[in-house]
Amino acid sequence: MAKKIKKIGVLTSGGDAPGMNAAIRAVVRACAYYHTECVGFYRGFQGVIEGDFVALNARSVRNILPYGGTILQSARSREFMTKEGRAKAAAKIKEAEVDAVILIGGDGTFRGGLALSEEHGIPCIGVPGTIDNDISGTNFTIGYDTALNTVVDAIDKIRDTASSHNRLFFVEVMGRDAGFIALNSGIGAGAEEILIPEEDLGLERLLNSLERSRRSGKTSSIVVVSEGDKIGKNVFELAEYVKENLPYYDAKVTVLGHIQRGGKPTCFDRVLASRLCVKAVELLMDGNRDVMVGLMNNDIVYTSISKALKTEHTVNKDLLRISDILST
Amino acid sequence: MAKKIKKIGVLTSGGDAPGMNAAIRAVVRACAYYHTECVGFYRGFQGVIEGDFVALNARSVRNILPYGGTILQSARSREFMTKEGRAKAAAKIKEAEVDAVILIGGDGTFRGGLALSEEHGIPCIGVPGTIDNDISGTNFTIGYDTALNTVVDAIDKIRDTASSHNRLFFVEVMGRDAGFIALNSGIGAGAEEILIPEEDLGLERLLNSLERSRRSGKTSSIVVVSEGDKIGKNVFELAEYVKENLPYYDAKVTVLGHIQRGGKPTCFDRVLASRLCVKAVELLMDGNRDVMVGLMNNDIVYTSISKALKTEHTVNKDLLRISDILST
Amino acid sequence: MAKKIKKIGVLTSGGDAPGMNAAIRAVVRACAYYHTECVGFYRGFQGVIEGDFVALNARSVRNILPYGGTILQSARSREFMTKEGRAKAAAKIKEAEVDAVILIGGDGTFRGGLALSEEHGIPCIGVPGTIDNDISGTNFTIGYDTALNTVVDAIDKIRDTASSHNRLFFVEVMGRDAGFIALNSGIGAGAEEILIPEEDLGLERLLNSLERSRRSGKTSSIVVVSEGDKIGKNVFELAEYVKENLPYYDAKVTVLGHIQRGGKPTCFDRVLASRLCVKAVELLMDGNRDVMVGLMNNDIVYTSISKALKTEHTVNKDLLRISDILST
Amino acid sequence: MAKKIKKIGVLTSGGDAPGMNAAIRAVVRACAYYHTECVGFYRGFQGVIEGDFVALNARSVRNILPYGGTILQSARSREFMTKEGRAKAAAKIKEAEVDAVILIGGDGTFRGGLALSEEHGIPCIGVPGTIDNDISGTNFTIGYDTALNTVVDAIDKIRDTASSHNRLFFVEVMGRDAGFIALNSGIGAGAEEILIPEEDLGLERLLNSLERSRRSGKTSSIVVVSEGDKIGKNVFELAEYVKENLPYYDAKVTVLGHIQRGGKPTCFDRVLASRLCVKAVELLMDGNRDVMVGLMNNDIVYTSISKALKTEHTVNKDLLRISDILST
């Protein structure tokens, strides 16, 4: 029978995402509600290894709900990648009398948690928190909706100046190896073209499309390019290539960069984080372990982490077709 | 066999919602893509009755994607409620050689479309567009996500001043007879209490909760009240009642009102509107009629309008429990 | 010769305003820079009376710059209005070895500071912090610019729905007895009419203007009404009056309320707060007292508080003429 | 005696700036108010040369007030740089019976207008519209306040992720050869260091400051770099240089780029544009020419364009000192 959980640790790891504070708050408040102790580890697994943690009660997380970033900070720990590092981490967790850990992050974070569980018997629950939305077992990850709105807001601004000057803009967005952000922000911002790693449509097609666009009377165009795009050129080379081939275009590049990771979380991300993390605590109280929580069809569900890690969350390629229709 | 669709009419009706312009754009662009003519009727069914419409092509909807409101305007037509009004409308539709109508609005709008179809054989497709999210057959309606963010943004601001002055605020939000906006914005903004029409928890409970909140060290509190709340008091009476019973509270009221209907649509609402309306056009091209499109589990689906009208979209009452846990 | 200042107290008082945290931060950082101790009193003069204060160093104000509200909280203290209350306050200030006080607030706050100085010899410096902009000796008060943007953003949203439904909206904004917010947000949002306390143009004129507006082809209108407007009717009565006299108008009312006090301060308010408060500390170090700092012609200046209190900051009535021209 | 002005042309030229639409609207509405005809030239002087213009009346500018960009578009015309180009432009202006031109743009635009006036006797009025604020004769240019808020909002987001990961960020902002944007957004966002072209403080100082910052307990830092900075390295080289010399810093670069040119104008920019442009029309009606309008000490003033062009608008270097104090 599962050991009774009396103290839960929580950490944020990997790239930070808006809504991580909402998630921490929900873990802490749910622990308080269920009369369970809670501690927060700083800087992800690195803080675990260093025994750098803090006791958290309902008042500790007052007022953090609307803020971007993570009060527990995040990091990528190289030491934790080693067996020795994980042994150190496990020792610190036991020393702190922490019975289980809730991990807020992406697949790297979940892999780390699983290793802790398998090698040292420490139960963990994964909460998908990343702007990239590249986690299986959930329709949406925490931070993704906020990042989409940040990107769309930025492209709306770029559209203003593109229209005023008849310009072509290449806008690079984040997303690692997945095109979720590019595809959805591209449709949301009415981009004329969207380039994602999942689908290499070729440079030829891009030139044709831009030329058709221009002939149809469009005087400015926006091309959204995912950072992981596999077209064989980076966004600056791409712009150069288009300039050479379509010389009437005054092509400019904007790399949106780290603004996509920050900012106040949207209502969607706050509610998502709140629901997922209450569930994460309740799953632990009920004796579950090594699962990740997710949102499917607007319901909170959970899957085994190992299964989630084996499955890929694939973009809906039909959205490329929608984008083509809408940029008619 | 269904008549081939050569011209589609589109209208927005009922309360306007952010994303209606994105929806109109998607209808028009999809028509252009499928070489189908498109006209827009002004002011919902009223414009139909008056034969007040405009031909729309791909360029007509340039640049409207990011804007709130609806370029076709909206209205509630009393004349259309009568059999004579609908006969007039049908005559105008036929005169304009419009083969089918896409209706962007709420249940009242869909009822109107169904009547047109049943009484006059005019095929229609419903697209759920309302900030209230009170439509069955879809997880989300167009405009709802934007309204949630507007509300959360407003409550974040109110929280600033509530915290500075140790105040209790009652914030009334929209939603007609449904608590979707109140419940989700309440969790999103970290409200201490949420009052929705679906659940009358009683005044006693509210007083107890506020008192408990205060004893636990909270010096300011936000109560989100749905406009349709059935607690037997309006928001101003509620505030008075609390002031009388808990005199240490300096209670204030804010009625958010029509700011909830406007503003730039979020990425979510833009993508939702785009996907739903491309599908609406394609359904007509494929011979479907009298159905509404919706988003379920992140996929575009459709149901018969009559079935959707008979079913209620119910709020997830478990969210009340989540809210209680989080305001610990 | 003036006593050397070794410890400075700071407080925020009266209605809170965005940028007060930026102001507190600047006081604290400037004190640290000049190796002067700094304490913050909670809840304005009430905290002084109660001896409720905290030592503040450069790290205490980390990260507060972008946030609305005031970490020191604010209040209106009735006890401080009495001679006894002020004597208590003075005793607490001396007990805390605080040599001078920086007061962030409006004219009521400054009057309080002046009384402390005159009755008990405690030097003070006033920093104008109020959304109302009704302080003489400065072109702008801290919080005013942010409030203007909050109001304009809200009216932009209302405009979306007003245009969609051909409606007339009355929007009540804050400003106490001064029309600064109404006048400038009204021009900024393109309001058709602006009603301010400083100029009673009469109901007749309002009706005429609305009718002219309608005849010129405008189908929606926004009337911005200052809360202190002296037209003899509150905003709801005003809407009723117009409905009775111009029955074709579907008039609605929105009272913006306390959202105007919160939110992230604009760049302007942050820079203004920063510059004013560094100067406030430097003035104390240089032996000045009982003056208020202000921004005139983009330069930081200072005036005696007693003079500032005797002078009225009047709105530029020429803006009413500009508004008339622009709503042609 | 000056010829009576019966028709006014308006154009936007150079880099576009938020508020240009508010400016165009104010020119058009003021013309309507004074019963003067108005035409808008497209794409700045290029449209003048091509005779590409449109008649504008009060209704033409309905609803453009809140939008970024410019409905008249903008461009830099190489042809207009030549005497022949200007002769063509003058001929087109006379052909269109336009009596005077209002130029919304920066110093290049004003120089163009002055040439038209001197060589061809066409009166012009300059309206300062540029995000760079680098125009003499006015405290503020149209678009500058909006750009500052866009930058501060972006840096707030970057701060979230910088704090979560203990990172150092170099953020490049616009401003051409002037440090207005860098200096004010840097203070507004609480940047640890600000590098502007007007003051080369040296790389040594930067390293020292960052090291001091770190020793004082700061775990993340933001350095705002003006695009025109003269430190001898571009922002990427700068980051490399710091990484080499302070290896404990994980330095990242963000180039904000063209998002700074777009977006909804702030209330400040809308009111500024409105006041300046009503004045511009009135100056023409009163027989003035070849002057530019400006805002000094919150009043609308005007200076001769030639004088304004000879004077430099210098940044207030005292702000560097303020920034140092605040990043203590």
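Every chain is named by a letter (A, B, C and D) in the order it is written, and numbering of its residues begins at 1.
FYI, contacts are C-beta pairs under 8 Å (C-beta built on N, C-alpha and C of every residue); 3 or more make two chains touch, one makes a residue touch a chain.
Chains and their UniProt names: A, B, C, D = ATP-dependent 6-phosphofructokinase.
It should be emphasised that the depicted structure is a prediction, and the values quoted were computed from it without experimental measurement.
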For chain D, the least number of touch steps when starting out from chain A: 1
Contact-graph distance - origin chain B, target chain D: 2
Centre distance in Å when chain A and chain C are each reduced to the mean of their C-alpha atoms: 40
Inter-centroid spacing, chain C versus chain B (mean Cα positions, whole Å): 36
Intercentroid distance (Cα basis), chain B paired with chain A, Å: 28
Residues of chain C touching at least two other chains: 156, 159, 163
Overall pattern in which the protein chains touch one another (line/ring/star/complete/other): ring
Pairs of chains satisfying the touch condition: A-B, A-D, B-C, C-D
Residue ranges of chain D in contact with chain C within the complex: 25-26, 29-30, 32-33, 58-59, 63, 65-66, 139, 145, 148-149, 151-152, 156, 159, 163, 184-185, 187-190, 216-217, 264, 266-268, 270-271, 274-275, 278, 296-298, 316, 319, 322, 324-328
Touching residues (chain side chain B, partner chain C) in the complex: 12, 16, 18, 20, 43, 67-70, 73-75, 150, 154, 156-166, 169, 252-255, 257-259, 261-263
